[in-house]
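In the two complexes that follow, chain A is the common piece, with chain B as its partner first and chain C second.
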Partner chain A sequence: MIREKARVKTFKINGTDVTGKSNQTILEVANDHEIKIPTLCYMKGLSCVGACRMCLVEIKGSHKLIPACTGKIKEGMEVETETESLKKHRKFILSMIFAERNHVCSVCVSNGHCELQDMSVELDMKHSSVPYIYPKFEVDASHERFVYDPNRCIVCTRCVRVCNEVEGAHALDIIDRGINSKIIHDMDEPWALSESCTSCGKCVQVCPTGTLTEKGVSSAEMVKKKSLIIDLLEARENRDRK
Partner chain B sequence: MSEKIVIDPVTRIEGHAKITINVNDSGKVDDAKLHVTQFRGFEKFCEGRQYTEMPGLTARTCGICPVSHLISSSKACDELLAVRPPKGGRNLRRIINLAQILQSHALNFFHLSAADMLYGFDAPKGDRNIFKMMQTHPEMAKNGIKLRAFGQKIIEELGGKRIHPSWIVPGGVSHQISQEQKSNILEQIPEAMDIVKGALKWYVSQLPKYKREIEFFGNYKSMFMGLVNKHGKLEHYGGMLRFMDWDGTILDDGVDPKHYQQYIGEYVEDFSYLKSPYYKPRGYKNGMYRVGPLARLNVADSCGTPLADEAFEDFMNINNGKPVLNTFYYHYARLIEIIYCIERIEELLNEPETMSDNVRSYASVNRLEGVGCSEAPRGTLFHHYKVDKTGSITGVNMIIASGNNNLAMNAGIKQAACEFVDGANPSDGDLNRVEAVIRCFDPCLSCSTHALGVVATKVEIKDMNGKTIKLIDRV
Partner chain C sequence: MSKVRVATIWLDGCSGCHMSFLDMDERLVEIAEKIDVVYSPYVDTKEFPGDVDLTIVEGALSTDHDITMIKKIRKNSKKIMALGDCAITGNVSAMKNLSGSEAVLQRGYFELADENKLGRVPSEVVPKLLDTVHPLHEIVPIDFYVPGCPTPADAIYKAITDILEGKEPDTKELTRFGK
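Let's look at the complex of A and B:
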């Protein structure tokens, strides 16, 4: 019992005392206490990679900003999630995400159901503060049921993780680095030629934008089943318990 | 010395344009040309996109008539899928298309053109606008706004929003409408009908004042093109193309729009980004034809609704049953079409299939090429797509309604410039008359070249060496 108690850590988020288990992240504890921290690459049920940097928080005594989704909690730490400086940083990061690809909400299949679009509203980003790059990516529509449009990708890697961690296929991965990073199928082959893809569609459902979509949908028609992964993992856990 | 007059920008039209008027040594007008000065390139940047995005993408060609593009684009996609939308879906598409035509016609008549007739073409240019109308004829201005709002509200009621609704999709429409939505539209019909009847009466009463304008605002022999239904009546959604000569001779009838390239050529002139479509059998220039409300009424045997047909009869009496050639009467045709639109919307809403929940057909790509055609407010609109077997666009050609009238608009301004403009001393009223010819056609130039920018036009006067000696900015 004493060892169990020692695993609970107490610290402050925005001046409020909170507690969490020692293996929890700042984001998980914040969520448990209904403290909202913006996220894009995070998805409950998948591993955390800190790719989007939306959930950056300040820790008193540290000059570094820490992504809340990967930052482990520490006893007595003091976390700030909503300072003016953080808001400014998040907005700037979001601007860069928009500028890196061709996000044209008005004609996008995910218009109105897009987490990137929602984030721009949440962070009050009306215009990008950095110039757009307008890269030219080819759309991969070779798959019978799905379309992959890298022009709308924010490289959050949810699709890579769900394919590896939940489906177990690891059909998706990332090629290149930094601004040139791109999701690929197998060894950068057309989706239809991927031998490892099981065509389960989980990657489509977890994609926060209109990058991975079902085929045949028009503007604003792509509504994703956000709870799919959690429902699936819970169902598996219940089955294993039996 | 010969001169060139430039009207730049042409005002109270949709999009950018300028007019140049060439004046010879003796001060007489030799020639006049309409220059559409922007380029947008929709045909190019749509390549590589999925066909399902085409309605949404091409709707952005225009903020005034996005529904027309949505209709033609979705019809082209229907062809790619090789499906025919269910009757419910077709009826709903028809209703929103008619609402679009109605609101655009109301915009042209009340907001853009009526001021010329209300205050005269020679009135100070500060007075020739809807704001002056609000001061001197508030009831008329209010009616114009109300009538346009009626059309816009139908688009919003059905499509979810007034501009660029995403409701019209390949295969039909995305969802059915409710009884409440139907009632909301139906209850506004009597007032809308009263407004347009009043406007038509007023327009007809004004005609005796504008005999010279009627005579010289693009009054010339040209062919006409438009869709007609299987009974030869007015049609805006389906039907086949009819080509008619200036004397009423039907040149081609029952032409399936998907064969449009056999009948329509597109010529490129070096003075404008707007292509010049022409009727191929007669060749470039001789193949000049007109589209839009005047052309549609000319090619149709009748409208097919009671009140519109009453007005149609008076309209056809203008030239003793022969096609009406005077461009000034585009306004007349526009008002008759508004009556028709209101009547047809009511008829279609009351058809039981309209309320069906079967409004969309589903399929994947079954053909690699598709043409969609419909009547936009300004005339016949073509969308032509090619795709690969994955549904990615490999080729696009669009003939925008206003573009069809390019040769006719040039002929119209030349006639008006020769008649009204004194090359040595062009007055503001005379130049306004030249612009007003363009306004009769109600062109949407940003659509037709797929241009981007502010609404505006210019008139340029050039000498025989092409040197600009006078530039008149119309902003």
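Let's look at the complex of A and C:
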């Protein structure tokens, strides 16, 4: 891995002075200083896309809210991560994520191990502030080892990114736009017919909800190996260094 | 001091939350000293009374009768607590919304029925199904939300005692969607 030359920058998060390298994002610097910013689509080791908007932060002097995961740091900037207005926005966005699909926690394989469910507790979202839409999606259980249930998808695109960036297969992508966007295999074919899928299962392990799961698990049984990607990337780096 | 008038009702749910309520065990005695249960599946009142301090509602809104009841509850209650995921999100009760009432009736009364002497879907006495199942707050304003499937007894106890003390119920540590 070629390391870029990076300058150190100093700025403020929630009134506290912090320092980061110029190629770091606000989220990375916050994490380094143990300042917690809620995230859903972010996953260490994968590229950042700002899809879920959970990590929105305020920057003094700007009227726009920006996602901390893609926001670059600037010398002297003043970032706020926990204002009342941000909490309200995050709760509303989380409501929209819940309302857009059919998240029935009680009967989900990922019940108790779901990052979306955890987020409702973290943000204290006790009910949806927007009406549920109840879109209808067919479950794809064609693959011999895995199941894809779009009803539980939050379109975070971790699966798309891990398949492209770590596995190198790019078997997954997104079709359509906005509220209609959906994860697909190849050219929207059943999973079993995907020629580019290597059946490695990385997409299953990084999926934050019960959308991509192993076959044969019952309610609350699906526990994912989230550390897999970091372990894999570190192992590769160590190998390359030798 | 007069006791707090509490009602509980079971709409479109499995009664699991009402079972969980009973799982408060000996704490029920403590609560009973502070409240009067004026309407509930646990007691024999036929009509929903007026002047209720707190109504605890389990279940989603699935029929015309549920809508009539929740509106009456809102009118007659100072506070309403939505208890459990069905009341708050629609949960399993709202899974019908993916296929519609017709498909559900067809499945229940014909495809899976061992016996259906009527030869049709019953239309008398039973309430009419709505096209869409709703969580409570989509129809009337709700004061408190206590999720869970079913909501654990500890969370119900905490919620009720918080409310009796005049506080906003804080059950974050004890329950969540799907718990």
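Some notes on this structure:
One rule holds for everything that comes next: the second predicted complex is superposed on the first by the 236 of 242 C-alpha atoms of A that agree within 3 Å, B and C clash if a C-alpha of one lies under 4 Å from a C-alpha of the other, contacts with A are read in each partner's own complex, and residues count from 1 in each chain.
Operating definition for what follows: contacts are C-beta pairs under 8 Å (C-beta built on N, C-alpha and C of every residue); 3 or more make two chains touch, one makes a residue touch a chain.
Computed from a predicted structure; not experimentally measured.
After superposition onto chain A, partners chain B and chain C are found to clash with each other.
Note on chain A: of its two partners chain C and chain B, the one contacting more of its residues is C.
By the touch criterion defined above, A:R177 lies against neither chain B nor chain C after alignment on the C-alpha atoms of chain A. After overlaying the two complexes on the shared chain, residue contacts for A:N111 are found with chain B and with chain C alike. In the superposition on chain A, A:R239 contacts neither chain B nor chain C. In the superposition on chain A, A:V121 makes contact with chain C only, while chain B stays out of contact range. Residue contacts after overlaying the shared chain place A:S142 against chain B, while chain C stays out of touching range. In the superposition on chain A, no contact is made by A:H63 with either chain B or chain C.
In the superposition on chain A, A:S218 makes contact with chain B only, not with chain C. Contact with chain C, but none with chain B, is seen for A:Y132 once the two complexes are overlaid on the shared chain. Comparing 5-13, 59-67 or 131-139 from chain C against chain B in the aligned model shows that the clashing stretch is 5-13. Applying the stated touch rule to the two superposed structures, the overlap between the chain B and chain C interfaces on chain A comprises residues 106-107, 111. Within the complex, the chain A residues that touch chain B are 106-107, 109, 111, 138-139, 141-142, 147, 215-221. By the touch rule above, chain C contacts chain A in their complex via residues 82, 85, 88-92, 94-95, 97-99, 132, 135, 137-138, 142, 145, 147, 149, 172, 176-179. Residues 98, 102-108, 111-112, 114, 117, 120-121, 124, 126-128, 131-132, 134, 136 of chain A are the ones touching chain C in the complex. The touching residues of chain B, when paired with chain A in their complex, are 48-50, 52-53, 55-57, 60, 164, 166, 169-170, 174, 362, 364, 390-392.
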